[in-house]
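Quick heads-up: structures coming right below.
The same chain A turns up in both complexes below, where it pairs with chain B and then with chain C.
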Partner chain A sequence: MLSKYLSLMRLNWGLSLEYRAEGFIWLMTNMFNVIMLLVWLSISRAGPVNGFSSADFVAYYMIGLIVRQLTAAWSSWELSFAISEGRLSPQLLRPIHPIHQEITANWSEKVLRMTLLLPIVAAVLILTPGVSLHVTPASLLTFAVSVAGAWTIYFLADYCVGILAFWTTQATAFSNVLYGLKIVLGGILAPIQMFPPAVQALLEWLPFKYMLAFSSEIALGQASGERLLFGLAVQWAWVLALWLLMQVLWRLGIRSYGAVGA
Partner chain B sequence: MRYVRLFALFLKASFLVELEYRANFAARAMVSVCWAGVTLAGAGVFYSHTETIGGWTFNEALGNCLPFLREVR
Partner chain C sequence: MAHQIEVDRLSKHYQVHEKEPGLAGSLRAFFARKYRVVKAVEEVSFSIDAGEMVGFLGPNGAGKTTTLKVLSGLLYPTSGRVTVMGFTPHKRQNDYLKQFTLVMGQKQQLMWDLPPMETFLVNQAIYEVPRVDFQAILKELDDLLELGPLLKKQVRKLSLGERMKCELAAALLHRPKVLFLDEPTIGLDVTMQARIREFIAEYNRRHGATVILTSHYMADVTALCDRIIVIDKGRLLYDGNFRALIERVAPYKVLKLQFEQQPDLAALARFGAVARADGLTAVLHVPRAHAAETAASLLAQIEVDDINFEEPAVEDIIRQVFAGKADGLLPEANTALPL
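Entry: the complex of A and B
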């Protein structure tokens, strides 16, 4: 399996480098994070908002940019078109599940985008006065675990959406639904702490917060102790649930595969 | 005139392709409607923490895109 992954990684890294301008343009679509940051900076000019100072908003949205890039997934588009155009057929003949092709394509694109994004974010965080991040060996480790969980949740949810194309032939609009939910409820429109308490309580149990905001909260030192453990438990429960869902959907869906070529 | 006819033809073809995938079309229509709701809800969240943003009140911010909602608050 490792050697298969290594050769898939090499292949997809080559593809990412080949279309490197595309990676840069996709990075620009994250401007939404910056616009939301500017809105919250304008609101917090008069004083802290629900415990967030202006510097906290800068830190939240900058770390959020990194988390959003690390956890982005678009395999539902690839899978949807592969199913509707019939390009999935040769992939099914390979001795490896088609999901691994998507996983390695995702990872190699991440490596490329991080080399562009990390210097920008680091410069903003260093140049903004009053930014305080919670950096200890334990917090770095939990941050890494939470980002891995966030990536897996969004990737699997997105892949499940793509599998729906086995029945509906085209599933790209469904992935817009998932993406919209992540933007609005995942902590990009506003940090979770800005929502009314009832909404916050509900979001504790839904997967969207664990696709993004949870990791930023760890980096800002806002999730610790019991809250942190509870969050990690809910997050990895969603990872397990979505993995099972993906397995079931795939097995049911593959029976309906018709390679319509349209 | 020829181009107008061609344009109409392409428009019709694209629309039929969209309609062909019914569930996808329904989801796309739903997303479009929901984004309008998100815009309102987002403004609601912003203005629950402040009276004005850049000198604009909630009513002014909404009134500019949705005149009929001018008196919401």
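Entry: the complex of A and C
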């Protein structure tokens, strides 16, 4: 499996480089993070909002930018078109599940985007006075685990959406809904702490927070001890649930594949 | 002994929805969608032994490609039983996927924006082909198909023929035992068609691979396949030896005649069925068994400028089969099956 992954990575890395300009433009779509940051900065000028100082907002949205980039997924689009145009057929003939092509394509793209993004974020964090990040070996480890979880949750949810195209032919509308939910409930529109307590309590159990905000909270030192463990448990429970859902949907969907064209 | 490929009363039905053209039709289709069941393949049975080369013939929409897709595991059969090398294709076990290939002339597996070699290397890893074997197989394919300079060019910059050669190579790197080829020569010029054809024949000879081939170009099938399976409207019309079919549907040879002066048609008709006669040329259908004697006595009795024997055009024969003029083919064909 390792050598299969390495060769798929190599292939997709080649493709990412082929489309490097496109990758850069996708990065620009994250302007929304910057806009929301500016909004919250102007609100917090008068004083901290729900415990967030201006510097906290900078740290939250900058870390959020990285987490969002690392956890971005778009395989539902690829899968949806591959199904509706019959391009999935060659992939189904190979002795490897098509999801692995999407996973490696996703990772390759990440390498390129991170090389562009990390220096910018680092500069902003260093130049902004009063930014404090919670950096210990343990927090770095939990941050990494939470980002891995966040990536897997969103990737699997997005892939499940793509599988719907087996029945609906096109699934891109659903994938926009999922994306919208991530933006609004995942902590990009506002940090979770800005929501009313009842909503916050609900979000603890839904997957959206664990696609994004949870990792930023860990980096900012806002989640620790029992809260941290609870969060990780819920996050990885969702990983497992979505993995199972994906398996079931795939098995059902593949039966109604039409292999159109040709 | 079991056959390598066994298809037993295979049916595949699709549900398709229909839409009238135009905006009104779209609205109607949106609110009250009409569904219709298309019987792409209906109760088709056949079996194929290892190493055979079989041609699938049939007009567009006959069910040829659907059958190949079921054999490749891309489609679930609606009913019936299909096994290839003991595997049930639609389960898509890796051990099965590693032993066959499906090449579709109108679909590609090569990555559009990268050179073919990149896809080849990925296939090497995915199909777990050892490096030494890979080198040897690639060299053999290179010798047969002259891939050389193509391997490093971006796929989108290759011509259709060049791309098809690379597609074939990509599909054969894991040295499959069974080849499903769906219109592998579509859109290619005559020279390239011949090249691909020779290659397929050579591959079959060298590796004893089983080949099922569909093609619109009769020349592909006549050159490669002793046995053909004729399918129309999802049903099997004929399964058996190609020559036998020709002799049954067209038990005559085509005699082309050229005259110096207008011939007497009534006199000509004594020698065979007059298929065509205009001015100074005529075409006669002469019973195969007596072709030579008939020609000799015709030459003795009628003044002929030029005379020529030809085999009936395969296209015409197949058209007759489709048109149902070859009634009674099916029962006999079934007994001819190597069961």
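We adopt the following convention: the second predicted complex is superposed on the first by the 259 of 262 C-alpha atoms of A that agree within 3 Å, B and C clash if a C-alpha of one lies under 4 Å from a C-alpha of the other, contacts with A are read in each partner's own complex, and residues count from 1 in each chain.
As a working rule, a residue touches a chain if its C-beta (ideal position, glycine included) is under 8 Å from a C-beta of that chain, and two chains touch if they have at least 3 such contacts.
Predicted model only: the values in this text are computed from it and were never measured.
Engineer: Do chain B and chain C fit side by side on chain A after the overlay, or clash?
Structural biologist: fit
Engineer: Classify the contacts of A:15 with the two partner chains as first (chain B alone), second (chain C alone), both, or neither.
Structural biologist: second
Engineer: Does chain B (first) or chain C (second) touch A:173, or do both, or does neither?
Structural biologist: first
Engineer: Based on the superposed arrangement, let me know which partner A:96 touches: chain B (first), chain C (second), both, or neither?
Structural biologist: second
Engineer: Touch test for A:229: chain B only (first), chain C only (second), both, or neither?
Structural biologist: neither
Engineer: To the nearest 10 degrees, what angle do the lines from the C-alpha centre of chain A to those of chain B and chain C enclose?
Structural biologist: 90
Engineer: With both complexes overlaid on chain A, does A:43 touch chain B (first), chain C (second), both or neither?
Structural biologist: first
Engineer: According to the stated criteria, A:7 is in contact with first (chain B), second (chain C), both, or neither; which is it?
Structural biologist: Once the two structures are laid over each other on A, A:7 reaches chain C alone.
Engineer: Closest pair of CA atoms, one in chain B and one in chain C, after superposing: how far apart in Å?
Structural biologist: Nearest C-alpha pair, chain B versus chain C: 6 Å apart.
Engineer: Same chain A residues contacting chain B and chain C, which ones?
Structural biologist: Comparing the two interfaces on chain A, one with chain B and one with chain C, the shared residues are 262.
Engineer: Please output the residues of chain A touching chain B within their complex, sorted ascending.
Structural biologist: Against chain B, chain A makes touches at 39, 42-43, 46, 49-50, 164, 167-174, 176-177, 180, 184, 189-190, 194-196, 262.
Engineer: Spell out the part of chain B that touches chain A in their complex, as residue ranges.
Structural biologist: 20-25, 27-28, 30-31, 34-35, 38, 41-42, 45-46, 48-50, 53-54
Engineer: With touch defined as at the start, can you tell me which chain C residues reach chain A in the complex?
Structural biologist: Interface residues on chain C, with respect to chain A: 14, 65, 69, 72-76, 92, 94, 97-98, 101-102, 104-109, 111, 113-114, 118-119, 121-127, 182-183.
Engineer: What part of chain A is in contact with chain C in the complex they form?
Structural biologist: Residues 3-4, 6-8, 10-11, 14-15, 18-19, 86-87, 89-90, 92-96, 255, 257-259, 261-262 of chain A touch chain C in their complex.
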